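Below are two complexes that have chain A in common, paired first with chain B and then with chain C.
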Partner chain A sequence: MSRIALLAALIYFIILAGVGTLNGAMVALALPLVLYLLAGLWRGPEEMRLTAERTISAERIAPGDSVTVDLKITNHGEALEQVLLHDPLPAFLKVIQGASSRLVDLPAHGSLSWSYTLQGRRGSHYFSEINAIAEDHLGLIVKRALLPTSGQLLVLPSISRVRHIAIQPRQTRVYSGVIPAHQGGMGIEFFGLREYQMGDSPHHINWRVSARQDGVIYSNEYEQERVADVGIVLDGRRRVNDFSGGRSIFEDSVLAAVAVSSSLLAEGNRVGLFIYGKRNKWTSPGYGKYQRERIMQDLALAETGETQNFKSLIIPRRLFPPNSQIILISPLGGGELNLLSQLRTRGFQLMVISPDPVSFEARALGDSPSVKLAARIARLQREVLLRELRHAGVQVVNWDVALPFEQAVRASLSRPPAFLRAIQRGRGAGQR
Partner chain B sequence: MTRNFIYASISACAGALTYGLAANEYVSVSITVALLGIAWIVLFMRGLHRFSGLAFAVFVIISLVSLWADVSPVLALAGVSFSLLAWDLTRFHQRLQMTNSQQDARKMERAHFTRLALVIGLSLLGYFAVTRIHVTLTFGAAALLALLGIWGISALVYRLRSLE
Partner chain C sequence: MVEFDAVVEAALTGFALVFSIIISTGSLAWGYGSMGLETVPRWMIAFGALWLVSQWRGVKWFSAPGLFLSLLFATIGLWLSFPIGWMFSGAIFALFAWDITELRKKSHFMTARDDVKGLERRHIARVSFLALGGLLSASLLMLWWRQWTNEWGNFLLGVSLLGITQIIAWINK
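Here is the complex of A and B:
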């Protein structure tokens, strides 16, 4: 019921009750309510004719950096009393200085300028409009308007640097890089021996082996190093990322995605990103700084979602040919084993970087015996899952998020795991 | 400051009616009114502002009924005026919470209190003036005046709604 309707109903009731009982004092009780209504009529807000201008000191910031928003509201009409100007902000942005909402009087054809400073976590926000709500001083007459403005603020994810990620996809691209290509040619690492051919550098002749052979000269062959196709899949399913009390391990997954993509792009690889969360978002593969920027922007917008089924993950062949490298970043809540096995059978080389949800949750829940027991059971279940993944030929990195990413994964990512090195040795011997 | 005024208004409204009813030996009713006042304060403290309209209506009706119970018209007027204040300030308090500028809030509080003081002051003056005028009317004349009053209020409400 609106305020005016409530007042009117009460006034009618008082008057009718007063007349019905012929009690003048009772009718007189309606006087404060009538005067209250008249006061609203006396100084009600005029038609709102407002425009807004916005200036933002920076459009891209890192988490923890501050940005200043300057606003100028111009009133092109009559004076307005008690106008609430509200600049709506998303939850990830916090005002640290000044105010994003003002309750002011705007003089006729006057303007009001103010600024406030923001700080935020990862995310993106379009400053599309300002809400203006004008009322009379008693709040009886309300007028609303949306003042269009422009501006965007992108809070990019935190950057964590990993020096080198050792991946060994079965297939590489033609451009030279740092990924072993399982082919002899120009390189640094010894690959094998072959008969000397015209044009081989004398430095590459293996004199020791040649001396043992009769009339045949052998040259050393080195392993070619090339760039590779790498697809990063970021698992943003709410059921595996979000925990009670509004805590989420997803931010750690995003941080891992930033570190991995930055490192792989810096080494010249062709990197693409698939975010499997609130919105399924493909960042088509690309090279270099431009691609890094695209990935950072998409990661800034990544949010968890709960509608997706992980069984439906289809990796387009035109983006990632079979035998390329797929890196899944996921806390692994179950149901991934079949999917990853299918990807393995399609020839993808798989790596799983898994922020450990058990340690994450156990730390937040405290130290009671029941929590310890539950954590132990969950840890055992997780160990079984990780072991099954390893048996399926998936390289698994279990990351306790209490440790910085670069520190936690330095040992496990700087060189390929033993089983991959063994496979490579076997393949190299077979080729020879 | 607004919050304190709301507590004071609800207390004054409930207190005036409780005292008036208790003085006329309606003790159980006066206890009920006091409990209703406490309930209104608790609802406000818990942020359940949507009930303020209902509480306002209830206290206006209690003020009316208290006149039948021979409560002093001044106390009944206090009941209506303070419940009106509490209801208005609750809405204003909600509005102030929408701004995060303390400076704006203080300025608006001053302007709002001035406007309210004017309304309540004029109401009191009008009430005391009206209660001193004694006119004897037949029921028909009173009914005619009541209809005229209702028509005037309807026109005012129509005008206010058209401004929205």
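Here is the complex of A and C:
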């Protein structure tokens, strides 16, 4: 109820009571309230003719960085007293210095400048308008205006760098890269032997094999290394990401998505992203720094949502042809096995990077015997799920988020150097 | 870059708010008590204490029901022919408290660089003139109905001294 409405209702109530009881003193009691109302109405606020300009010191910041917002309000009309200027901010941004709201007097044709400093978590915000509220001296008559401004602030996700992620899709693209293409040609690693052909480098001739054959010269063939199509699917379902007490493992999933996409794009691959959360969002596949920027912007906006399962997940063939690589980043809450099995049967090479929700939750819940027992049961269930996925041919990375992402995935996803792989192959042959 | 301090807490309005709540509920309790009632004034004092605590705890909306109840008590008192002055005083200072609560809500948006004290002084001066007008009309009505008492005179004297002290303090600053 507005102040003027409350005051008017009280005046009516007192006058009616006074008239009803034929009590002059009671009617006279309304007099101070009427005087108060008239004083407010006597000098109501003038019409607001304000404009606003905004300057932001940075449009893209990392979480924890600060940014200064400068505002200039110009009054093109009569003088205004007690104007409340409010710059609305989303919950993920926090004012650390100054204030985003001010109560000021604006002289006629004058201006006012002020600034405040923000810090924020991951997210994006368009500074579209400033609310201006002008009142009379007693706050009874209220006039509101929205002052349009421009400006955007993007708080990008935290970046964790991973040097190399070893993926092995069944199909690669024609451009050279670092992913083994299962085809002989130019490369570094030995792939096989073939008969010498005109144009082969003498360095590639395998003299030992050629010496055993009569008049036939053999050349070494190396495995081609190319770029691949990679689709990253980020699971933003609330039921698997959010826990009691407002804790969420989703930020770790986003961090993993940033690290994986950056690493794969840096190696020349064609990377796309699908965020399955509050809003299902496809970032169509692309190459290079521009694509990295697009992915970072979409990840900055990613939020968890009420989507329940993966039944509606359809991977468009024109974006990701069969036999390309799909990387699912998910804490895995059940219901994924069927989807991943279907994708495997369609020929996709699958990898699951799973931030471990059991360890995450157990750490927050404390060290009581009941928590330990519950964590043990949940861990066993998770192990069974991960084993089933591995049996289905899915490469699984179980990430305890207490460890840095790079450290956790180095052993699982980094490609060992060529000489180590040769030793491993030799050991394997020896054992056979 | 312009530096700002933290939002300034308005001490002057806090002082005015506390006194207006005390005077409002105290006047009503005194008026009801002077007619021989015992329980009702106690409840009114308890209500005043609750109002004060609510403002101390930052429950700003409490002033609206506070104003409504004070006016209701004053109206009932006038209907029962209780002393006009105390009933008027209870209503006027409840209105004052409600107004000051709104001012305090707004002054939270001011920064150290803004003229917080100037705004408070101008506002309190305006409302004080209105309160003075109300008390004068109550005094005239008391004279008209021959209800003037020494207590009412002392009360007017006290309120006037309080106002004059405040004005002198402002002038000296």
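We take it that the second predicted complex is superposed on the first by the 392 of 432 C-alpha atoms of A that agree within 3 Å, B and C clash if a C-alpha of one lies under 4 Å from a C-alpha of the other, contacts with A are read in each partner's own complex, and residues count from 1 in each chain.
The rule we apply is simple: a residue touches a chain if its C-beta (ideal position, glycine included) is under 8 Å from a C-beta of that chain, and two chains touch if they have at least 3 such contacts.
As the structure is a computational prediction, the values presented were derived from the model and not from experiment.
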**Message:** Quick check for you: in the superposed arrangement, does A:34 touch first (chain B), second (chain C), both or neither?
**Reply:** first
**Contacts of A:68 with chain B and chain C, given as first, second, both or neither** = second
**Message:** Quick check on the superposed pair: does A:15 touch chain B, chain C, both, or neither? Answer first, second, both or neither.
**Reply:** first
**Message:** One more residue to check, A:115. First (chain B), second (chain C), both or neither?
**Reply:** second
**Message:** For A:23 in the superposed arrangement: first (chain B), second (chain C), both or neither?
**Reply:** both
**Which superposed partner A:138 touches (first chain B, second chain C, both, neither)** = both
**Partner chain in contact with A:84 - chain B first, chain C second, else both or neither** = both
**Asked** Counting only touches as set out at the top, which of chain B and chain C does A:3 meet: first, second, both, neither?
**Response** both
**Request:** Kindly classify A:97 by the partners it touches after superposition: chain B alone (first), chain C alone (second), both, or neither?
**Result:** second
**Item:** Residue contacts with chain A in the superposition, chain B compared against chain C
**Value:** B
**Request:** List the residues of chain A that touch chain B in one complex and chain C in the other.
**Result:** 1, 3, 6, 10, 13-14, 17-18, 21, 23, 25-26, 28-29, 31-33, 35-36, 39, 82, 84, 86, 98-99, 101-105, 137-139
**Message:** Quick check on the complex: what are the chain A residues that touch chain C?
**Reply:** 1, 3, 6, 10, 13-14, 17-18, 21, 23, 25-26, 28-29, 31-33, 35-36, 39, 68, 70, 82, 84, 86, 97-99, 101-105, 113-116, 137-139
**Item:** chain C residues touching chain A - in the complex, by the definition given at the top
**Value:** 1-4, 7, 64, 67-68, 71, 74-75, 78-79, 84, 87-88, 91-92, 95, 99, 102-103, 106-107, 109-111, 114-115, 119, 122-123, 126-127, 130-131, 133-134, 137, 141, 145
**Message:** Using the touch definition from the top, list the residues of chain B that touch chain A in their complex.
**Reply:** 53, 56-57, 60-61, 63-64, 67-68, 73, 76-77, 80-81, 84, 88, 91-92, 95-96, 98-101, 104-105, 108, 111-112, 115-116, 118-120, 122-123, 126-127, 130-131, 137, 139, 142-143, 145-146, 149-150, 153-154, 156-157, 159-161, 163-164
**Fill in**
In the complex, chain A touches chain B at residues 1-6, 8-19, 21-41, 44-45, 81-82, 84, 86, 95, 98-105, 135, 137-143
